[in-house]
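Read from first to last, the chains carry the letters A, B, C and D; within each, the first residue is number 1.
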Amino acid sequence: MAGATIGERPGTLRDALRDVRDQTAGYSGIWSWITTVDHKRIGIMYGVTAFVFFLAGGIEALVIRLQLATPNGGVVNADQFNQLFTMHGTTMIFLVVMPLSAAFFNLLVPLMIGARDVAFPRLNAFSYWVFLGAGIFMNVSFFTGGNIFQGELGAPGAGWFGYAPLTLNQFSPGHGIDYWAFGLLILGIASMASGFNFIVTIINMRAPGMTFFRMPLFIWMTLVTSFLIIFAMPIITVALFQVLADRLFGANFFNAELGGTPLLWQHMFWLFGHPEVYILILPAMGIVSEVFATFARKPLFGYPFVVFSGVAIGLMSWGVWAHHMYTTGLGSVANSAFGFTTLLIAIPTGIKIFNWIATLWGGSISLKTPLLFAVGFLAMFVIGGLTGVMHSMVPSDYQQQDTYFVVAHLHQVLLGGALFGLFSGVYYWFPKFTGRLLNEKWGQLHFWLMFIGFNVTFQPMMISGMLGMPRRISTYSEGLGWEFWNMLSTVGAFLIAVSVLVFMYNVVISLRSKERAGDDPWDGRTLEWAIPSPPPVYNFAEIPQVKELDDFWHTKYVENEQGQLVRVVAGAAEQAEEAEDDAHHDIHMPSPSYFPIIVASGFPFIAFGFMYDFALLPVGAVVMLVGLYGWALEPATE
Amino acid sequence: MAALLLLALAVLFVGCSAFGGDQNTFAPEGDVAKKQLEVFYWALWPAVVVLILVTGALLYAVIRFRRRSDDDPIPKQVHGNFRLEIAWTIAPTIVLLALAVPMIAAIIDLGGDPDADALHVNVTAQQFSWLFEYPSLTDAEGTPLRAKVDELLIPVDREIVVHLESVDVNHSFWVPKLFGKLDAIPGRTNDLKFNATSPGTFSGQCAEFCGIGHANMKFTIIALEEPEFQVWCEEQLALEPGAPVCQR
Amino acid sequence: MVDLALVVLSLTDWLENPAYVLGVPLVVLGVIGLLFVLAPAEITWSLPPGPAADAARARMDAAWAPTDIAAHEGHPSPSQYIAIGLILGVVTAAEVAVYYVDALEGALLGILMVLSAMKFILVAAWFMHLRFDNRLFSILFTSGVVLAVLLFIVVLSTLGASLA
Amino acid sequence: MQHAPAAELQTTTGMDHRKLLMWLFLGSECLFFGSLIATYLLYRNKTEEIGIGPIPSDLYDIPFTSVSSFVLLMSSVTMVLALAAIQRGDRRGTQAWLLATALLGMSFLAGQAFEFTEFYRQGLSLDTNLFGTTFYVLTGFHGAHVSIGVLILLSLFVMTLRGRLTPANSINVELIGLYWHFVDVVWIVIFTLIYLVQT
C-alpha cells in the first residue's frame, strides 16, 4: 500500500507537516470535492445533502398538514397525499436522520479517537456518493407519473414500511414502488459500507492509550449503531429483493393465492425496522452525552453504565420487533412475550436518562444553544419513551396502533429526540469545522421556535389519536372532534418551518461573520478540541497519547493544593510539544480518488435497467467493474 | 416549558372523555374497549408520575446549577455513584414488572375462548368496503344471512366473534368505542371477540393503510336490543316469527 | 453428409442447454489456463530477451523468495488441509448415504443437522483459521450466525412453520 | 500496493483493517442468507398444499447435486492450499491452486446452470409456485456469490502473472479465501436443509 507517502525520506515533524500542506494545497474547486477522501469534507457533504433532503421532506410534511388542517381538505387528492406521506417518512428516516448521523460519524470519529482518517477513506467517499445517488434516484420518481404540473406524481405511495401486498403490481401499478425499493436497496449499500468502515476505524485506529473505556460516549454509540446497521440491513435487503422479484419477475413471495405469507414482509421489515429505530436515536444520544458533559463542566455521570445501557439497548433491539405487529393476530403467547421484552427495553433507556440528569446535577451549566437543544432532546425523549411504554402495553396498543397517537410517539422520538440531538450537535461542533460560532441570539430563537412548534404540532396528535383518528387518512369528515387538534398541529408545523428558516439564516450570517471561534470555544473535553478549527487535513500533527477518559480536559486542568481544579497556564502544553520533536515523522495521507464516484454511479443504471430496459444493465455493470478494477489497482493508502 | 407540558397533559387527561366524537376511545361502550381503556390508564398514571419527576428534576438541575458568570469555579468532578446506578436500575425494573403482570393477564383475558352462545360473524375486508356474513343465521335453503355492506347489526350484551379475512391487501377492523383493532391480512383468518353493552350506532374505519380509498373505508356497527335483532334477522331471512335460527 | 447433419443437430441440441453454453467455454478457459500455469512461462514473456527481461525476472524472484508467513501465523500445513478436505468429503458422502437409507428416516433431520454442523465447523475453524486467529473474528462471525438462527426460529414459529 | 505489510499492521489491535472488514462483512452476510433460507423453510410445505406445479421431490437429483456440492467443498481445499502456497513463497503453487479453485467454482456454476435449465424444462420457473420462487432466488443468490468469487480468483490469478500479487500482499489471497470458504459453508447449509431435508 504505497500511496501518497509524503516526503521522500522520513524527517522531522515540521518537514512532514510541510510536505502534507504542499501536497494538499492544490485540493480546491469542485473536482477536489468530487475526488475527496477526507473524512471532514465527506462529513460536510453528508450534512449539507441531508439538510437539503430535510427541506424536501419538510415541505412534504407542510403540504400534508395543510391538507389535514380542516375536515374534507382539498389541497391534494388521495393519491398525491399517499405519495407525500410515503416520501416524507422515507426521506426523513433514510435521507435525513441516518445521513445526518453519518455526517457526525464522519466528522468526529477520527478526531475523537485521535486518528488521521477513517480506516477506508475511499470506501467512505463511496458511501456518500451512493447515498447521494440513491436520494436523487428516489426523488426522481415524483417526475415519472406524467405531467407533474397537473399534479400527476409518480412517487411511491404505500407508506414508508410498504406493507405487502399493497406494494405488489396489482395494487400499486407504475414504477413508484420500484423507485422506493431500489432506492432503499442502494441506500442500504451506503449504510452498510459506512457501518463496516466505522467499526473497523473504531476498533483499529484508536490513538495509543485509548482503550475502549476511554472512548468518548459518542464513539461508543457510533460503534453500537454501526453494528446494528451491518446486522439489520441484510434483512431488509432480502425483503426488498423479494418484493422486487414479485413485482418485476412475477415471483410469488407475497402472493397469498399460491400460499405466500404477506405477513413475512412485516416480520422482515420490522426485524430491520426496530434496530433501525435505535440506529436513528443512538447517535443523538451520543451527541447529547458529550454536550451535557461539556456544558456542565462535569464528566458524564456513570460513564460505564451509560455505555452498557447503550450496548444493552442495541442487543435488546433485536428482541422486540413484533411490537409493531400486535394487531396482526400473532396470538396471546407472542404478544405477551414481545410486550414483556418491549417493557424491559425501558430499563436501559431510563438508566441513560437518569445519568444525563445526574451529569447536569451539581454542574456549572452554560445555557448556550447546544445545551438548550440537548435539554429539549431529553424532555421530548422522556415523553417519547413513556408513550413507548404505553404502546408496549398490548391491550391498550390495540386502540393506539396506527392512530395519530403512534404518529405523535414516533415524532417525539425521531424529531423531539433524534433531530433535537442532531441540532445540538450542529451548534456544538459548527465552530470546530467552520472556525466560526453560530450566532447565539438567533440560535436561541431557533430553539424556542422549534421547541414550541414541536409541542404544538405533536402533543395534540396524541389527543386526536385517542379520539380515534387513524394515521394515513387523506381526509376526514366533521363531527369526530378532530378539527381543533388538527388545526393546532398544522399551526405548529409552520412554526417548526419558521424555526428552520431561522436556522438557515443563522448559518449564513455566522459563516459571513469575521469573528473567529478559536480552537476550543466551549472548553471541550474530547480530543477534537485539542486541534485547530477548522482542523488541518492530517487532523493531528502528532498522534496524541491518551491516558484517561476526557484526556484533553485533563491536559487543561489540574488540582491545586485545595483540591480545586484550576487551568494549566496557557502555552505550557505547546512548549512541551516543541521540546521533544526529534522523533521520526512520516505522515501518510490517502490520495484523492474518483473511482468511488464511478462505482457509485453504476447503481442507478442497474436499477433503471431492471425497471425500464435490460440494456442498461450491462452499462451499469461495466461502469462498476471499471470503477472497481481501477479502485483495486490504484495505489492508495487503504 | 414545564407549564406547556403540564398544560398538554392536563388537557389530555381531563378533557378527553368530554370531547365527544364518535370514535373517542375514552368513551367505551363495550367490555373489550373498557378493558383496553383500563390498561391504558395503568400505563398512563405511572407515566405521568415519571414524567413529572424526571422533567422536574431536569428543569431543577438546569435552573439551579446554571452558570452565573464565567468565573464560576469548576464544579466537583463526580464520575458516578454505584449505589445510585443500582437504585435507578432496580426502580424502573420493579415498575415495569408491576405493569407486565397485569398486562399479560389482560392479554390472556382478551384472547380467551369465546362464549358458547356467541354470535359468529365473518367479516371480509376488500378495497374499500367491509362485507359481513352471519354463518349461523341461515334461511330455509341454508344460505347465510348477509348484512348490508359497511353496516353490521349485532345484538346488545351478547358476545360477537369476528372471523376476519381480506381478499386483497391488509386492512384493519376497528370500532374505537367497542374494541381495539385487528388486522385483516390476505391468506389468513384472524379472530376477534367483543360485545356492546348498550344499544347504539358505533362508527369504525379501516386502520391499516390500504390504498387510495383508505380514508373512506368506514363502516358502522349498530347494536340492537336482542328482540329487535331477532325481528330483523327473521325479516332478512324471510322466516316465520320465532324461528329457532334467530333465537339465542 | 448424414453424419455431418447429425453433428450439427446435436450441436443445436447443445446450444439449447445453457449449461453447456456456459460450461464448455469455462472448461476450455480453465484448460488453457492450466496449460499456461504448467508451461515454463515467465513474467518476462512480454519482454524481448535482454537486460530488461533479466531485471524483471530478478525482481520477480526476489518478490517470491521462500518465506514462512504461514508458519508464523500458526496455520496448519498443506497435508493437514488435505486431510480435513478428505474428512469433509467423507462426511458429505455419509450425508447422502443417510438420505438413501430408509431405516434412518425418522432420525434423518437430526443426523443431517449434526453432520452439516460438523462440516460447517471444520471449514470455519480450520480453513478460515478461526482456531488460530484473533478471537474477535470468531465472535463477529458467531454472532452473525447465532443472531440469524435465533431471529428466524422465532419468525418461523410465530408464522406457524416447522422443520419436521 | 507494494508496501511492506508490517506498516499496515500498525493498528490498535494488531488486526489487519481489511481482514476485520471481511469478517464483519461475513457476519452481516449470515443475516442475508439467513433471511433467504428462512423464507425457503417457511414456504417449504406450502407448494404441496396448494398443488400447483412441481414440488422438490419431483425435481431434485440428489446424486447430481451431491457431486456438485463435493466439487464446491473441494474448491475450499484448493483455496486454502493456494493461501499456503503464497505464504511460503511458492509462485507456481499459488497460480495452480488459484486457478484450480476458480475452475472448481466454475464447474459448480455449470452444474447449477444445468440444474436450473433442467428444472425449467420440467415446468418450474420463478413464477410457477412458491417452490420455484424460493428455490431460484435462494440458490441464485448463492450462485451470484460464487460467480463474484470466481471473478476475483481469476483476477488474482492474472495478477500473479503480471507480478502484481506477491507474498508481500498475500493478504489478498487470505481475504478472498475467507469469502470463498464462507460461500462454501453457506452451501453446506443449503445442501442439507434444502436438498436433503425435503418433507
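Going forward, a contact is a pair of C-beta atoms (placed from the backbone, for glycine too) under 8 Å apart; a residue touches a chain by one contact, two chains touch by 3 or more.
The structure presented is a predicted model; accordingly, all values stated were derived computationally and were not measured.
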### Query
Comparing centres built from CA atoms, which chain ends up most distant from chain D?
B
### Summary
Cα centroid separation, chain A vs chain C, in Å, comes to 39
### Task
Report, in whole Å, the distance between the mean C-alpha point of chain B and the mean C-alpha point of chain C.
56
### Query
From the C-alpha centre of chain B to that of chain D, how far is it in Å?
50
### Message
With centres defined as the mean C-alpha position, give me the chain A-chain D separation in Å.
### Response
34
### Task
Please set out, as single numbers or ranges, the residues of chain A touching at least two other chains.
203, 231, 235, 259-261, 263-264, 268, 331
## Note on the structure
For chain D, residue numbers touching 2 or more other chains are 13, 15, 20, 24, 27-29, 31, 35, 42
### Message
Under the stated touch criterion, can you name all the chain pairs that qualify?
### Response
A-B, A-C, A-D, C-D
### Task
Give every residue of chain A touching chain B within the complex, in rising order.
78-79, 82, 157-159, 163, 165-166, 171-172, 256, 259-263, 296-299, 301-305, 327-329, 331-332, 335-336, 339-340, 343-344, 346-347, 350-351, 353-355, 357-358, 360-367, 375, 378-379, 382-383, 386-387, 389-390, 393-403, 451-452, 455, 459, 462-463, 466-476, 479-482, 557, 564-566
## Note on the structure
So, in the complex, the side of chain A touching chain D is made of residues 1-3, 119-120, 192, 195-197, 199-200, 203-206, 208, 210, 230-235, 237-239, 241-242, 245, 249-253, 258-261, 264, 268, 629, 632-633, 635, 638
### In the complex with chain D, residue positions of chain C that touch it
17-19, 22-23, 26-27, 29-30, 33-34, 37-38, 41, 43, 56, 59-60, 63-71, 73, 75, 77-78, 81-82, 84-85, 88-89, 92-93, 95-96, 98-100, 108-109, 112-113, 115-116, 119-120, 123-124, 126-128, 134, 136-137, 140-141, 143-145, 147-149, 151-152, 155-156, 159, 161, 163
### Query
Contact residues on chain D for chain C in the complex?
13-15, 19-20, 23-24, 26-31, 33-35, 37-38, 41-42, 44-45, 62-63, 66, 69-70, 73-74, 76-77, 79-81, 83-85, 87-92, 95-96, 99, 102-103, 106-107, 109-111, 113-114, 116-118, 157, 161-163, 166-168, 170, 177-178, 181-182, 184-185, 188-189, 191-193, 196-197
### Task
Within their complex, state which residues of chain C touch chain A.
136, 143-144, 147, 151, 155, 158-159
